[in-house]
Amino acid sequence: MIRFNNDYNHGAHNSIIQALQEINESSYAGYGDDEWCQKGADEIRKYLGTADVDIHFMVGGTPANITVITAALRPYESVICALNGHINHHEAGSIEHTGHKILSLPAKEGKLTAEAIKQTASHYYDHGEAEFLTAPKLVFLSSPSEYGTVYSKKELLEIRKVCDQYHMYLYIDGARLGYWLSCNRCDVTLEDLARIADVFYIGGTKCGALFGEALVIVNKDLRDHFRTYMKQSGGILAKGWLLGVQFYTLFKDGLYFKLAKHADKLAAKLKQGFVNASIPLYMDSPTNQIFVVITNELAEKLAKNFIYEFDHIVDEEHVCVRFCTSWSSSEDDIDQLIKSIS
Amino acid sequence: MIRFNNDYNHGAHNSIIQALQEINESSYAGYGDDEWCQKGADEIRKYLGTADVDIHFMVGGTPANITVITAALRPYESVICALNGHINHHEAGSIEHTGHKILSLPAKEGKLTAEAIKQTASHYYDHGEAEFLTAPKLVFLSSPSEYGTVYSKKELLEIRKVCDQYHMYLYIDGARLGYWLSCNRCDVTLEDLARIADVFYIGGTKCGALFGEALVIVNKDLRDHFRTYMKQSGGILAKGWLLGVQFYTLFKDGLYFKLAKHADKLAAKLKQGFVNASIPLYMDSPTNQIFVVITNELAEKLAKNFIYEFDHIVDEEHVCVRFCTSWSSSEDDIDQLIKSIS
Amino acid sequence: MIRFNNDYNHGAHNSIIQALQEINESSYAGYGDDEWCQKGADEIRKYLGTADVDIHFMVGGTPANITVITAALRPYESVICALNGHINHHEAGSIEHTGHKILSLPAKEGKLTAEAIKQTASHYYDHGEAEFLTAPKLVFLSSPSEYGTVYSKKELLEIRKVCDQYHMYLYIDGARLGYWLSCNRCDVTLEDLARIADVFYIGGTKCGALFGEALVIVNKDLRDHFRTYMKQSGGILAKGWLLGVQFYTLFKDGLYFKLAKHADKLAAKLKQGFVNASIPLYMDSPTNQIFVVITNELAEKLAKNFIYEFDHIVDEEHVCVRFCTSWSSSEDDIDQLIKSIS
Amino acid sequence: MIRFNNDYNHGAHNSIIQALQEINESSYAGYGDDEWCQKGADEIRKYLGTADVDIHFMVGGTPANITVITAALRPYESVICALNGHINHHEAGSIEHTGHKILSLPAKEGKLTAEAIKQTASHYYDHGEAEFLTAPKLVFLSSPSEYGTVYSKKELLEIRKVCDQYHMYLYIDGARLGYWLSCNRCDVTLEDLARIADVFYIGGTKCGALFGEALVIVNKDLRDHFRTYMKQSGGILAKGWLLGVQFYTLFKDGLYFKLAKHADKLAAKLKQGFVNASIPLYMDSPTNQIFVVITNELAEKLAKNFIYEFDHIVDEEHVCVRFCTSWSSSEDDIDQLIKSIS
């Protein structure tokens, strides 16, 4: 069985494992106050065009989202998010559990639009009647989106403009950030993100690390007591250096981007394979997630050799499914899959 | 500099690292639904005298505590805990952040007493006037305690009896469980714990693992939707097998106990060293944490070569400090320290 | 200026004021543990066809909603509610503030449909993949709805059936319950509601009382520690008898229904007035809220003598506004308004 | 039976009832945006020496406490309160339910001391190690205290100084404020309170009103979106003018103070009665709550004609009980009680 169900079904790239092994005999201070977290953050800073950011290493995306939103919002403030956004549907109500409402907007190609955000913000901020509504204060978006699509720089700048107009924070969930930055439709850099977003995270778990995400806090208003928030929500790792050294390894020589490019390239090949086989794409994604609409019959056939993810029922005869490549996928895996659909 | 400040300043025992490396090329299902979590849990079950428990692997103690308490209590129910309990003072208000009050009781040698618990429970349950109070529903204790002391089987059974009488849950935080089970004053086994506690966790982070804790849910009432609670509070690891394989490694041949025994033995030697040097123990601990009262002068001198943890100021001339051994401490480390205090 | 903006712009029916005055010299036990709460509840019970319900008097609808939902749900459970539901848009995120997600569904004539509820429940309960979603557990509906429309007995029974199928609670927000029960399209009685709903409240504030709502808990599972929940969320009135005596007065001789019928009748007359003047109804409501689409010009003209409520902009030339009658409206008020639109 | 169990066992002073009756025919805007709230607030402002405060009328003390603390604190911040403080023991965990920890300090004569507050604040703020503790940010005190004792101006100024030093808010719960300001040991005025406290409330429910408290927010940092917080926590009354007109009535001619002075005077007479009868005072209170230690025998005898409140068991032979006078107590009530103990 070959796994295409997600991009976190393997351990880590070998250099990560090796790095962990190499420092295993050394001792460090706890809770991220160590030299590897420092060095990992410094390598990331080199890409950001500024040293003036706070970087925290966290174990996963859900705790990162919980902690950022808890720290950023007052109790009456709410989050703008796409209807299909991860925090809205796949995190078991974690945001509402922190006490905050999610204002979910219809997405276009899996993405929020500046226009829809503006409408929601304007509805609240541009009228005097808003006393008994929540105040939209943070725009949450994922890029790549849940459907593998990516925001263009123009789209991000338009969203930024709305955020500026209404004094809202822009938070980018980058669980799959690498696959975005390395894909051929990407026109932004990490430096752009550090200028455009107030806070974002660089995903490790799904991009070659054993586990962990690097949270980059650009906006000074969001930095206060962040480590206390991390502790309070259970999101601080005792042996923080385990995270630091991974990001150091991923960023010191650009390994992070190399691994992602590999996956994107394989996904592109797979996508072409589906196109060649006249199998319709559900969404035209330039990154490592390929959504296609296949017949139940093909679905059944493929399930014998491949593990993929069911997305939704299209009609009585068809389902939409996801094939996901990763840094650990091989060209041979792809070739076998393409062969099976041809 | 030799670190005695805590028991989580090193990576992991070599077999853990090796195990992680060996399975690095394999792919697994996410979120703990994999064979290693299964195998790790099964190895633990062998020690419990029953297969009828739920075992979940979590990243750290704070998320374990948060999730257990969130899942166990209704909004009007509260937690009984020692004044110096970890959740009361060292977790940034994480329990109150979940909405629950902590009823903190004075501790005796760092430990809760059945008598004090009973008094608190009786105050609420044995009178009709309790409508505007919270209902104590879960007793939280750590063994070893914050001061390295351990509960005897008799003490636990007395506490269990009170819990039974008032229908309260008993939750044992076992962040340092290994050091308890392997020390020479321990008269309980994991099998006892599975009979006495409703839920407890077996600490990995501080006992030889790279990271992770194994939560054992005995009481059926506490099992419902636990994985959803884990997700909601950000406490579920995407690559669950990383945790499973560690606990498999620690428990399949008793490595867990061997590592702890090593640390306890070194701590005992160190304790004797302090006694020999006529340095008073702050608390007589049989496990890997040794609290002593030393002069400011000695504190300063030791700080040149050793990293230890400050606990509190005793008087103008003295401080109470903690020396902590671990599976990674060496006999030579201890000898150097003993030499320095003699 | 004549107020049609809402149904809570006057004090209370005279008999309420008189009742409060009459008992003002007497002294009572606090927090609802008094004879008037007993008597008020007993009068209500006469209409319910059963004495086996818990009745609590609360100050307002928002605290009632908060307390019911807090008491009914576990942290991973969520609320099904119409998109335009009061708790979703007009209570400042109060439900999310308690930690629970609202699953909002499109409404039909302001009302939830059994079909849409079933689809949502089925999506969660009928598939095995739901671990990281919230569990829909309580259906919240208002009757009359936000648009004055009412549920038929058939609609309620269909919803009840879905609730039974998926073990969900049915909670009816009856802020304007009187106007429903007294309108000419109502085919349910309080006795029906006590059979169909798990919990509902009988609105006083908007139906002739000075303030207060009577919460009726039918389902035994929802009764436990309810007064503690009320206290915890700040929803218990020290002088509970002030509420009890109001409901006693409203229910002992059917005053509650008489007052509502008066308002419904005036609203019907007003509705006919709009129809006669060829002004389109936005929604055909049989109760005391009449939504119409008027020109900006007419809106401006009417604003000189009448206070009404703006609902939304329809197009550049038209707005949708609400006229609300109440127990305190007079026939003369209506006649003046009809004259102004003719 | 004569009630001395509390000061909220009667309706309201006659002028309140009359005022409610007089305006019953008029209509008003909802949610406190009406002329009576304006006029009530203005009357209060006359006593404060400044017009620059926000005044909100709330239904009760618990919702006021919940809303103030929710609005004032960030999630990692905590409340300093006396061990016997109302929010710590009599409000069913309402503060923890909002997510905040209470740091409870031993009280002296029922009161917090500046010294104890300073010690707690210093422990957190004056050391660098506080990352995993909560930050004490709001000092909560009641005057009169739970035991009827009152703070002197000197004590308040000392506490204010500590609050200034550590940038903490001072919040005074004035559920029984009238009885303080009118007692013979009071050396502060409302004007002093508006200078010393950041926020406080003027109790109505226990001081002659039918129900309601007037919250005075002095510190500008605490004013933002306060009405939204009130709505979110269910603490805003639809017919706000019912509260406004009560406070207008109580403050326009000083009725508030007159009623309280009456109760204090009766309590003083009662206290002297106990002293004359050689019955020991548990606490020497200058306000309307008198705590005495009586024999079980006397307790039983008194219970035949008087309702009083049990406080705690002193020893096998004695109990501590509370007798509470109010604006509604009569001299004759007191005389009968004195006769019974002589």
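By written order: A, B, C and D. Residues from 1 in each chain.
Basically, contacts are C-beta pairs under 8 Å (C-beta built on N, C-alpha and C of every residue); 3 or more make two chains touch, one makes a residue touch a chain.
All figures in this text were calculated on a predicted structure; none of them were measured in a lab.
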Using the contact definition stated above, find the chains touching both chain A and chain B.
C, D
More contacting C-beta pairs: C-D or B-C? The answer is C-D
Any idea if chain A and chain D meet via the same residues, over half in common, or different ones?
same
Averaging over Cα atoms per chain, report the distance between chain A and chain C in Å.
42
What whole-number Å value describes the gap between the mean CA coordinates of chain B and chain C?
50
Provide the C-alpha centroid distance between chain C and chain D, rounded to the nearest whole angstrom.
33
Junction residues of chain A, two or more chains touched:
75-76, 91-93, 97, 99, 131-132, 134, 228-229, 231-232
Which positions of chain C touch chain D when the two form their complex?
3, 5-6, 8-12, 14, 17, 20-21, 23-30, 59-60, 62-63, 65-67, 91-94, 97, 205-206, 210-211, 228-229, 231-239, 242, 328
Footprint of chain A on chain C - complex, ascending:
75-76, 78, 89-93, 96-102, 131-134
Going by the contact rule set out above, which residues of chain D touch chain A in the complex?
31, 70-71, 74-76, 99, 131-132, 135, 225, 227-229, 231-232
